[in-house]
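Both complexes shown next keep subunit A, but they swap its partner, so subunit B is in the first and subunit C is in the second.
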Partner chain A sequence: MTSSLVRQVLILAAVALIPGVGEAVYFRHKISWRSAVLPSEMVTVDQARAWGGNVIWVDARPDEEFARDHVPDAISLNEDRWNDLLSQFLVVWSPGKKVVVYCSSLSCNASREVARRLRREAQLPDVFVLEGGWEAWLKKR
Partner chain B sequence: MKTPIVAFALSILISLSARAELKWEQTTLELHPTAADKQAIGHFKYQNPGKTPVRFKSVHASCGCTTAQTQKDEVPAGGTGEITATFNIGDRTGTQVKTVTVETDDPTNTKTVLTLRTIIPQQLEISPTFVFWKQGDKPDPKTITVKVGKDFTVKHIKVTSSSPDFQAKVEEKGNGEFKIDVQPQETKNLIASTLTIQPEDSQKVFYATARITNSPTVQ
Partner chain C sequence: MGSVVEEKMSTTPNAEPPTSHAQLRVAGNTSDVKGRTSNILWRIVDLIVAVIFIYAGAIKALDPVQFASDIDNYKILPWPFSVALAFYLPWLEIFCGFALVARTLYRGALSILTTLILVFTLATTAAKVRGLDITCGCFGHASQNWSFPAHLATNLGILAALLVLWLSNRSAKPS
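For the complex of A and B:
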């Protein structure tokens, strides 16, 4: 009786496994919706503040959110208007400066995307993503 | 042994068909806008195969660049409809994955995540988009590489510098590849130039920046 029950459970589990394996194979090349960021490319509010004036804060949120409030002296750079805003950011950037990009919260992805493009397309060094984003900064303000 | 398995499977099927739950035609859509498109729009179609109506509690997108709209607040039993997700492309590039979370009053499955995967075609891939010289550096030329995207044909590109202090020379390398040599006249002054890169027979314009920066900050 027990062995029959175990066998039935195993059969059901095996059947349930088939679509799971199929999906894993089918989606093996599909990317995650969140850009991967190495731990070394993340920075906390306290760490970024410790860098003092050697930091350029980059606000990756939409224009309206930036207009409402932002980190003092932050520069707006979002992907809605990347071409317009990038040149304004590059006027401020200079070698040796650290760049800290933030978006709304821990779950947003815009800061990761902006940081990735600054590293990959503009080939800037020392570009970091702020852990927890604007929400984390507000808590420490 | 077969009887309990069949009974179990049947009971699941019966309970699934009886409850009020939206059945989605697809929860993931892949969109392929053209290079000229400003938006990519996805239609997530659903059906309510249950015996009671389903009410939408909330529909929200994962980012400000995406909006989602329902046609109605309540889906009657047997009713159909769709959620329209509009992704504003802006200056984004590559593959963009955005989600729309739909919450209904169905107690067994309150949340459904709809995924919109948009493949934005890239006519030109420019690397790097920024070249700089430190003040006092030798004004040697720096190279920007331009590669034509796989679905495009570009035979010539035109590059214009916004400032006469920087010169840009284009070399056609073949196989959809170009080399732009950028050179400042001198590096004494903190000057900058926007390089406008335009493929032949195309309205689309790409940009790169050249700049003389000040020396690194001493730590």
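For the complex of A and C:
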């Protein structure tokens, strides 16, 4: 009975592998196995600075951290108050502008999530995540 | 008529009155009805659990990039493992759901789904304890704004349904 159970589990596990592998192949250009953000969607502080005035800096950190300090002219856009802040952001945004989103550090997820939502929900092109986040900015300041 | 029956009863050893046969038949029929009702109930539980997992799997299979990010938010696994699971787990849920509907590989499907729901519940609880504000991603956008208690209650409800299916006699019959 146990061997029958193990056999059933193995069959199901093996069968599920087939479409799983197929999907991995299908989505190979949409997701990176090395990093949560595609290399093409990452930008360094130096690269973003080189874009000059064509950049909108977006601070994805919580309100308190934004209030304490932020990149000059950055706009606060975090997931806690997404609907309120998104409308404020869209007033500033214009076609052709590059958007650089940052959060606290290399390990935070907020910038990635905000960047993803800007691409998907607001349908914005040219949205990038700042490599190293606020910490990297501070080092280069 | 009554006297003939009484006479036969008195002359036949261990004979039972005809009314007791009728009672047995009624009792048997009642038992059948109960059994059938019980089977239908288990089948409904089967289908509810199956639909939940097929739906949850399909939603995630349609957007594995988002699901990988949701898994990564738990901060338990390295990113490559999150990606691998994002491609694999939705299909495992879907196939197990269909196995419950078709009653094929039934016990295997129940084992996998019970393990999955236990792992999801533990991961969610661990994330809460560690103070992580996460999106569970269990049901795509539908579960994006679920609170921790709602998330936990759903998981425990599904776990209870799976355990009921395990414990029911019915689960022994399918292959």
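One rule holds for everything that comes next: the second predicted complex is superposed on the first by the 106 of 141 C-alpha atoms of A that agree within 3 Å, B and C clash if a C-alpha of one lies under 4 Å from a C-alpha of the other, contacts with A are read in each partner's own complex, and residues count from 1 in each chain.
Going forward, a contact is a pair of C-beta atoms (placed from the backbone, for glycine too) under 8 Å apart; a residue touches a chain by one contact, two chains touch by 3 or more.
Computed from a prediction, not measured in an experiment: that's the story for all the values here.
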item	value
Which superposed partner A:V21 touches (first subunit B, second subunit C, both, neither)	second
Touching partner for A:Q8 - first (subunit B), second (subunit C), both, neither	both
First (subunit B), second (subunit C), both or neither touched by A:P62	first
Touching partner for A:N54 - first (subunit B), second (subunit C), both, neither	first
Greater residue coverage of subunit A in the superposed arrangement, subunit B or subunit C	B
Contacts of A:R112 with subunit B and subunit C, given as first, second, both or neither	second
Which of subunit B and subunit C A:R81 touches, first, second, both or neither	first
Subunit A positions touched by subunit B in one structure and by subunit C in the second	4, 7-8, 11-12, 30-31, 33, 109, 113
Touching residues on subunit A, where the partner in the complex is subunit B	4, 7-8, 11-12, 30-33, 54, 61-62, 64-65, 78-83, 86-87, 90-91, 93-97, 108-110, 113, 117, 121-124
Subunit A-facing residues of subunit C, complex	61, 64-66, 68-69, 72-73, 79-80, 82-84, 87-88, 90-92, 94-96, 99, 105-109, 111-112
Subunit A residues within the subunit C interface of the complex	4-5, 7-13, 15-21, 23-24, 27, 30-31, 33-36, 109, 112-113, 116
Residues of subunit B touching subunit A in the complex	1, 4-5, 8, 62-65, 88, 90-93, 95, 97-99, 115, 117, 126-130, 132, 134, 192, 194, 207, 209, 211, 213-219
